[in-house]
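By written order: A, B and C. Residues from 1 in each chain.
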Amino acid sequence: MSEVLFQINHLTKKFGGLIAINDFSMEIREGEILGLIGPNGAGKTTVFNCISHFYKPDAGEILMGGNNLLQLKPHQVAEMGIGRTFQNIELFGNLTVRENLLIGQHRLIRSGFFSTTLFLKRCREEEKRVLERAEEIGVRLGLGGIMDSLISGLPLGTRKLVELARALVLEPKLVLLDEPVAGMNPMESETLARVITEIRGRLGITVFLIEHDMGLVMRICDRLYVLHYGKKIAEGIPAEVRRKALVIAAYLGQEGDLAPQG
Amino acid sequence: MILQVIMSGIAIGAIYALLALGIVLIFKTTLVLNFAHGEVAMLTTLFAYSIIVSLGFPYWVGVIGALVLGGILGILSDLLVRPLLNAPLLSMVGLTIAMFFVIHAIGGIFWGYQTWPFPNPFPEKAVDLGGLVVSPIHLFIIFVLLVLGGVLFAVLNFTTVGTAFRATCQDRRAALLMGISSNRVFAISWAAGCALGAISGILIAPIIHVQVNMMVVILLKAFAAAVLGGILSLPGAIVGGVVLGVVENIFSFYCGTEFQDSIAFLIIILVLLVRPQGILGSPVEIKV
Amino acid sequence: MRIWWVVPMGILFALPLFFRGYYIYVIDLVGIYVVIGLGLNLLTGYCGQLSLGHAAFFALGAFTSAYLTIGGVPFLVALPAAGAAGAVMAYLVGIPVLRLRLIFLAISTVGLGIITHDVLYNLKGFTGGADGMTVPKPKLGPLVFKSDESFFYIVAVVVIFLSFLLGNITRTKAGRAFLAIRESERAATAAGIDVPRYKMLAFVISAFYTGVAGGLYAHLTAYINVTAFDILLSVTFLSMIIIGGVASIPGSILGAIFVVVVPEALRDVPGAKDIQALVYGLLMGFFIIFLPGGLVSGFSRLKGIFKK
């Protein structure tokens, strides 16, 4: 059993009178692909937004590497080695793919003020390195030919890949993927699924993803958590959860999302 | 004594509020902050001046002329600004500033830079209201402000046009799905907003005299008033204007008039820091 | 060492030989506006934060440099001090104000400009109020830069140095961080960028540049009057960015040339002030609607046409 990399304890988040997340606890083990599923509005993206520190939770703690992430400033979450993609793709639209991948490496560049403004050797060397790294990751994800294209002209599937690349480029220990295959056709989903498993396999990065595509989830996730109205209602390996899910679906009268697929 | 100061403050504040109403009306629907609003008011007032004084037509003809010109300028502005609605903020701000320059220049070219007195439909002599002194034109401005406020309220809440307007303000796309053409709502907002500007100009002119630069400083105050009351709130424009006028007047009564303009903006900055939605605004995310 | 730089440099430094008197004064003024454009472009063009109050930093820089040189401080110290004055003010103002969302930030900067203008105007003993004050010509050791021609060299050196610095800032980590903030603050934060800190950095740098420009201006004109440092001036600065080009150093230069030369060229036309404003407004509108990338994007489009 591998080490626990990341832990959420008793997370609660309310918006006015609405309880979005209700005493949610979970853990992620190093090297696994973990899925968070549940019907729309269950609070999944809210969990991610709490991790990214865009929202301030009302209770609970989020632990990684001995630190409580909630005590850090929002930009320091990335410095802890967490990369993230967004449900509605938040790329830097008026910039090129390459520029997006350069920005993603922000936390890795350490040159100080003087080195940068005078473009001294250390700064020049770091610039060279980030350019090389951007190229490397870009090529690895099949973006090699469009590195200098503007994001705004690219199709959805490609943009999702760019966003993923940008999350990977900061050398994360954990990536948060919010609905990575939403809006993609089966072929694109297949490609992305392969990429995700390779991220774990070749790069040793732990993956935490939110998804509605149950086929994908069943295929590539090691473990699942199920969220419903902000509460955890099931956890375990996909096969187990699916059996439980049928019971839950029957009990709650909800088909569709939790019903078995392909 | 303080009551007189407050009364005078309300009178001045009503002027800011009048102008602020037009600004907020346009901003609510289109999310465009019209920096040229004051210049529109100036141009329509100069136009009215020409009709009434140079051409000798009766006062009300001048008013109609100003309103019509205001409506036209509004629709022109709408057409100009509409393609840029999704452009970055810099473009939209820059465009209204450019409009400011152009309209200001047109005023200067056709009317020159003298100052003229504007016909006052009311007697000059100040009225005594139980110890408080107010001039009739000021009273009328306050009256018009309240009437306009009431009319706007009635229109917005009880007519189909008003409902369409409110729907578009809240959620353009949803309104579109309901068959409400945002193009038409925008055009109406712009035309109405600029017409409000025209009314403001004509009512203010007897007090400050007509000239090309008449609206420049007042516009800034009107912006301050709009922000103070809540940039998305029409009643807020009225409240903000009055509050600003009163505070400004109290301040200059006790501390002299030197820093009067600064006070307005200091208030604005403080409000923005503490309660950005203004006095009457609701803490809704403004998508900018 | 890239040798081809020598040719444009040579031409640049030979300019005062060909342009004298009024023309070199205009060129000096362009240089000063270029400095402002560089700084403001960093804040607005790269970082996307709108400021309509930069005349405040300009004014502060002008009076700081004026007073320091009158007080005997060497020009080489006074000029950076002018920039520092702007930077300090920006830092103090920025702490509360940069938290605000874009349009509210813009309105706050309007307030900043107006309040600074009012305060400086009313400190009559300090600034001379409506009468203004005279400023000595700059001295570097024994050399006194009395003429506009000699002043050109000071401006040129400052412009080249500050462009060099800005170029380095914009093509490395900070420049990219500014762009990221402009495009998406959330994504920028998720990539590890400390958004509030970088916004402040852009604000302070732009204020520094504008303060230095103010200092240069004070010594070029040898007379400064607070009434000139008003919101109209702030708007002029902003229009440089719109016309010249957003997020581009050549754009700042083009914008500066435009903003200085056009009013001067129209100076002798009857009804000058109005024609100036009209032309100005029409051109600004034209650029915003048809060429939102400014003159710079216009040139690259022309280049594209010729390539085919």
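Throughout what follows, a residue touches a chain if its C-beta (ideal position, glycine included) is under 8 Å from a C-beta of that chain, and two chains touch if they have at least 3 such contacts.
Keep in mind the model is a prediction, meaning the values are calculated, not measured.
Set against the C-alpha centre of chain C, every other chain centre is closer than that of A. Taking the mean of all protein C-alpha atoms as the reference point, the chain centroid lying nearest to it belongs to C. Across the structure, the highest number of inter-chain C-beta contacts is found for B-C. The geometric centre of chain A is 42 Å away from that of chain C, both derived from CA atoms.
Once the centre of each chain is set as its mean CA position, chain B and chain C turn out to be 32 Å apart.
Per-chain CA centroids place chain A at a distance of 48 Å from chain B.
In chain B, no residue reaches two or more other chains under the touch definition. By the touch criterion given at the top, residues 52, 54, 73-79, 83-84, 86, 90-95, 99, 102-104, 106-107, 109, 111, 116-119, 123, 127, 166, 170 of chain A touch chain C in their complex. On the chain C side of its complex with chain A, the touching residues are 165, 168-169, 171-174, 176-177, 179-180, 183-184, 186-195. Partner chain B is touched in their complex by these residues of chain C: 44, 48, 50, 52, 96-97, 99-104, 106-108, 110-112, 114-115, 118-119, 122, 231, 235, 238-239, 241-242, 246, 271, 273-278, 280-282, 284-285, 288-289, 292. Looking at the complex, you find that chain B touches chain C at residues 33, 80, 83-84, 87-91, 93-95, 97-106, 108-109, 220, 223-224, 227, 258-259, 261-262, 265-266, 268-269, 272-273, 276, 286, 288.
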